[in-house]
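Look for chain A in each of the two complexes below; its partner is chain B in the first and chain C in the second.
Moving on to the complex of A and B:
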């Protein structure tokens, strides 16, 4: 099962490398994007069998013999979990829209209303991409500093909504 | 998960053996450490976020180092319950030194590409040498600063800084430069040993000048291949020396 998922991940054009294992009774896929960003939603749709969770990494840590360093990978998974707030489902259209956008930009699934953009690995250039997408999809121009300061999802959604109405 | 301080991008791991608090260089936020691993040996990597940048952009930035150091030491107090060290690069090294003098029992201070804080500002900072990247001076015009910031963005991110971000970046940078130039402390020992990291192709701070840190505390010197921005990738040699020196 894990090997099948690993093989189909490796065969996918958007994936550079992948390692799949079972941790805490969950199938966990560690993936390195082939290009700058990777949409986990599209990846899930493309796979016949899907893991329970993804962890996106800049590179796969390897042990001395060239196999994946599972201890280090497990640490990365723990680190990602600590970056997240207890899950609160997005509650309105703007929160759901931004959650989907962040998920694509950050390579993190199930982003919740209380999650923080910078804590999840965001940086200023990615914030500019949020700004461009908001312009295109919602016709609203949000200054970058407003996106920076309102880096928690539900706060960002509220400020974007208020600017759209103004 | 209940306690959240904006000084840290994420809650430190409760089971970490030790912590490495990391301070960014001028004009940028804690996200510059995003390519660093989460752990270096026993040390959990914990980047610090200063006010005035990224998710703290709404808070006024510091104007002087002592106030920064006192506030940061107070904010970190809950996380000093195990061995820890502090790392800083360029302006981050000056911040790290100021912070360490306010902290109880730090194990080690790591400084990369920075002259010592007790040199007068006009000796500590120079106009960018030819070929240098990422060196700023307060006498530079807005246009010169903008060009340099864009050069750093190209070097680090492979693309020009987005025009939307230039005014913000310059505001943070100008504040940092003024803070650096207004800082002229006496020689202040750290109470813990220092590791210096010089870079062979650093056109700004030479490895020789890193040697002056031994006036501050007992020092272990290192010179690594690379330039002023190589540390962003956390090269293996850097990780090795951090772990080795921490273990003593």
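Moving on to the complex of A and C:
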């Protein structure tokens, strides 16, 4: 089963490389995007069998013999879990919009209202992407410091909403 | 004995004369491991000409793909890694470099040559008319900015805003410059080019942004990230460094009247003077690499993953390569300084930088009869860029 998922992941155009395993009774897929961004949502809908969780990485760590370094992968997963906040579902349209946007940009699923952009690996260029999208989809030009100071999802949603109304 | 100094300190480089420190390291500890006081990652400090130029050329053992300055590497890697020319190695690096090389070749930069020379003359003319000016701000700053904006296709009305944003990003003119400001300004510049690239896709023009959006390497276009970060690095690479060199040149000419005379009388050529100005000012104080595998340098074992810093400021004053290295000598020959780096990442803007400095020195020689300091020059605060940001002078 893990091998099937691994194979179908590798065959997908948006995936550069992939390794799938079972950890804590959950099927975990480690994926490296083929291009600069990867929508896990789209990936899920494209797969016949889907893993319980995804961990997106810039590169797949390899052991000496060229096989995936499972210990290192497990550490990456643990690291990602530590950076997450207990899940609070987004509560309004702007929160849901931003959660979806963050998920695509950060390669993380189920972004919650309390998650923090920087803690989850957000950097300058990803913030630029958020600004471009907000400009296009909502017609607001958000100054960068607003994203810097409001890096928690529900805070960010609230300021963007107030700027949109103004 | 090696003096203990923390090279990560931003203020240190601007307030202290480190010549003795570098000399001591070159002689007694040329491959030096430094553990900074902030408790963060340590790194190697290379100070001799031989080692610095060897590492620039050794792409087998050293990579730029994690970052090429100390701060970014110590923070765990540059977020633009592999997305801009200077932070890409191998075939991808060669591919992107060849796209840009046409614009930045000696012949390519001549397309802005006439304009740069006339802008330099008119800025010096205004400074003469005013009597006093801040040479670093009033003359040195606009020239590289104008040139790179012309090449990138940034319209006139946006230039000063871009300049304000970039000048506070890598270095600071005040010691208490905050991280938030730097982040904000960097973000604004990236956002600017993201928007510009979007526009050029629809309506290409004769500029670098259009060139990058249309370019193909092995039948694929550059990624959005690569386009934006390369524009960003051209603005940064071109603006601040050249400004430091030009401001520093004027200061050195004032402090060394015999050299000013040699320039004025035509005893030294402008080309030769430009090289000495580059060596003397060394705006990129250091560059950095990460070791890819264990490698020995100067009898020390550098381990895979170690951060290695290359101190151009020290290599350019190496007494085994430069006679009287602490003398500003416009006729110096040979003058194979490492101010512009070396090897495959050798400064892409080298011809442009030389053209710009040349234009200012020529204007000074032809139009100015005397220069004096009209106030205290001030240096910027940075552990990467070094030089003067304020040079108050009176011109006759």
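Please note the rule applied: the second predicted complex is superposed on the first by the 166 of 166 C-alpha atoms of A that agree within 3 Å, B and C clash if a C-alpha of one lies under 4 Å from a C-alpha of the other, contacts with A are read in each partner's own complex, and residues count from 1 in each chain.
Here is the rule we use: contacts are C-beta pairs under 8 Å (C-beta built on N, C-alpha and C of every residue); 3 or more make two chains touch, one makes a residue touch a chain.
What you are looking at is a predicted structure, and each value in this text was computed from that prediction instead of being measured.
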Chain B and chain C placed together on chain A: clash or fit? clash
Between chain B and chain C, more residues of chain A are touched by B
Query raised in the report: After superposition on the shared chain, which partner residues are touched by A:35: those of chain B (first), chain C (second), both, or neither?
Result: second
Can A:82 be said to touch chain B (first), chain C (second), both, or neither? first
So in the superposed three-chain picture, is A:148 touching just chain B, just chain C, both, or none of them (first/second/both/neither)? both
A:125 in the overlay: touching chain B, chain C, both, or neither? Say first, second, both or neither.
both
With the two complexes superposed on chain A, say which partner A:117 touches: chain B (first), chain C (second), both, or neither.
first
Partner chain(s) touched by A:139 [first = chain B, second = chain C, both, neither]: neither
Let me test your reading of the model: by the given contact rule, A:64 touches which partner, first (chain B), second (chain C), both or neither? neither
Of the listed chain B stretches (4-12, 76-84 or 202-210), the one clashing with chain C is 202-210
Interface residues of chain A shared by chain B and chain C, listed 123-125, 128, 131, 143-145, 148-149
Counting only contacts in the complex, chain C reaches chain A at residues 79-80, 83, 180, 183-184, 186-188, 190-191, 194-195, 198, 223-225, 228-229
Listed in rising order, chain A residues that touch chain B in their complex are 58, 75-76, 78-79, 82-83, 85-86, 116-119, 121-125, 128, 131, 143-145, 148-149, 151
The residues of chain A that touch chain C in their complex are 35-36, 123-125, 127-129, 131-132, 143-145, 147-149
Within the complex, chain A is touched by chain B residues 1, 9-11, 13, 29-31, 34-35, 38-39, 49, 54-55, 57-58, 153, 157, 159, 162, 164-165, 168-169
